[in-house]
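Shared between the two complexes below is chain A, which has chain B as its partner in the first and chain C in the second.
Let's look at the complex of A and B:
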């Protein structure tokens, strides 16, 4: 499992709708702030890159010291972003694909308003389990 | 409930596998539900424009979900980044899943570069609906203002500046379905004004339905940039 990993889902209006620190490193508040900052900074790059390919997985789009930002853009331009220090591209791809499927299931729920926060605790549990499995 | 015994029960929606979309629903059941939707909204509005907006919003919610689901299920996780790609996605994939067939035609507007039309002889949602005469007279300007106002004030979900144009037609319009499309196009990053019109066809009793799509300027600019 990766030492540091921060996973967020950003809605198409650039609002974070889900956040999780999924790394095994002990949690520090300032680190969480730093991760958010790096991920936000990467959004501009994603916006440009998203139109150059029809693939959803954009691989590593940005880096900060030893941390890498990998991004997955869904059809509706919801962005799944992962900040990580591991170099396991296949695992990250599988992680994104499985989380994407979970996201589609959440979206299909008529009681979920597209673009609002994902508060389901089941979703959270499953994402963390996937992170343990793939990252 | 028919078939209730056969369906496996899942504790949570996340455990349930995604539907493969093979099941069909009965047309009469759908028509009944849709007529209820129209009637429900009709009791809550003062004018046609308001009614159209409510139906648009209802369709928008469907469109946003259909886009995400179909790209995942039918397209093997490929996104559409080009204008023609997304149009043919709507015309064939989306149409097929929603209405069981591809749309009758997809054309480029002759007068404007940014307009496209999807036509259908007998649109599924219009099949059992005829518009009373008194609903055919409404102010086109109010309709346009309604769309702009709605989009500005309504959810934060649609930040795109909408490029609105008024389209005059002598035929009564009821933009029932339009947001099925709009949800897809907007969600995929192709903001557009989408309107539904009745177009009379010679020698036929019922007019056909044309869905007019007018893309926002930014879409065409991006399209030109991508080459």
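Let's look at the complex of A and C:
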């Protein structure tokens, strides 16, 4: 179980549409800001790396101290990014795949504008449950 | 001898042309989204959906009667049963149940457990008053008006607003006797 984990979904226009702290450690304000900063800084690397491979799951793309950034790119160039300190790659891959399925269901909602913030509390609950299960 | 009127819609459902359910759902979703973008007011969208449903209903009743071969219904109770079992099954692929009859037999509730129009839909906070399936109430109203029944159809329960099923309340206002369109002494 990862102690720190910060999960964000960034749309193709580089706008974050969902963020969640899913680690099991107690939340600290500065840590949350630091996590978001690290994830945004990794976006450039992700952009280059995404075009080099046809796989959706890009493993660890960046490191900061002992925190690793793992990214999963969907077909519509929406990036699911996870900042974590664990080494459980299979768990992270399964987590990304399940979140991708949830994201597709959100996209199928005709009243959801693609690229806007995901405000569904149902989605939020499910993502946190998946994080507890896989991370 | 004429074929017997079906009591359930299953044989009919097997015979009519079918379209992919997801295409149907996504197309309806696109219609609602476009209406929201054009009209912006939730009440206006509800009214427009009802009007669209009315226009569909007045034409749909002919197709229904032609394909399903039901005989004339004796009373409103039978009408509601036929709508729930045969009509909904033939056009949406789901059956509804009829409940909540009032004492005179003029008001009833049609309960839909699942509704193909609303797969994947979640109402955002800006559209909380939206009756997403309002087109169905218009369809019923239009169809029944073409067979001489003036009705009022309203939504009682709506899963998108948190309830556990979809419930339509159908109230028979008046049975309009058929008018002969031409005057005899011309």
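Here is the rule we go by: the second predicted complex is superposed on the first by the 135 of 135 C-alpha atoms of A that agree within 3 Å, B and C clash if a C-alpha of one lies under 4 Å from a C-alpha of the other, contacts with A are read in each partner's own complex, and residues count from 1 in each chain.
Going forward, a contact is a pair of C-beta atoms (placed from the backbone, for glycine too) under 8 Å apart; a residue touches a chain by one contact, two chains touch by 3 or more.
Predicted, not measured: the structure shown is a model, and the values here were computed from it.
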Touched chain A residues, chain B compared with chain C: B
First (chain B), second (chain C), both or neither touched by A:97: first
First, second, both or neither for A:64, with chain B first and chain C second: neither
Partner chain(s) touched by A:105 [first = chain B, second = chain C, both, neither]: both
First, second, both or neither for A:122, with chain B first and chain C second: both
Chain B/chain C common contact set on chain A: 105, 108-110, 120, 122
Touching residues on chain B, where the partner in the complex is chain A: 12-14, 16, 18, 61, 64-65, 67-72, 75, 77-81, 85, 155-157, 159, 187-189, 222, 226
Residue ranges of chain A in contact with chain B within the complex: 12-13, 15, 50-56, 73-78, 97, 100-110, 113-115, 120, 122-123, 126
Chain A contact footprint on chain C (complex, rising order): 26, 28-30, 32-33, 36, 119-125, 127
Chain A residues touching chain C - in the complex, by the definition given at the top: 105, 108-112, 119-120, 122
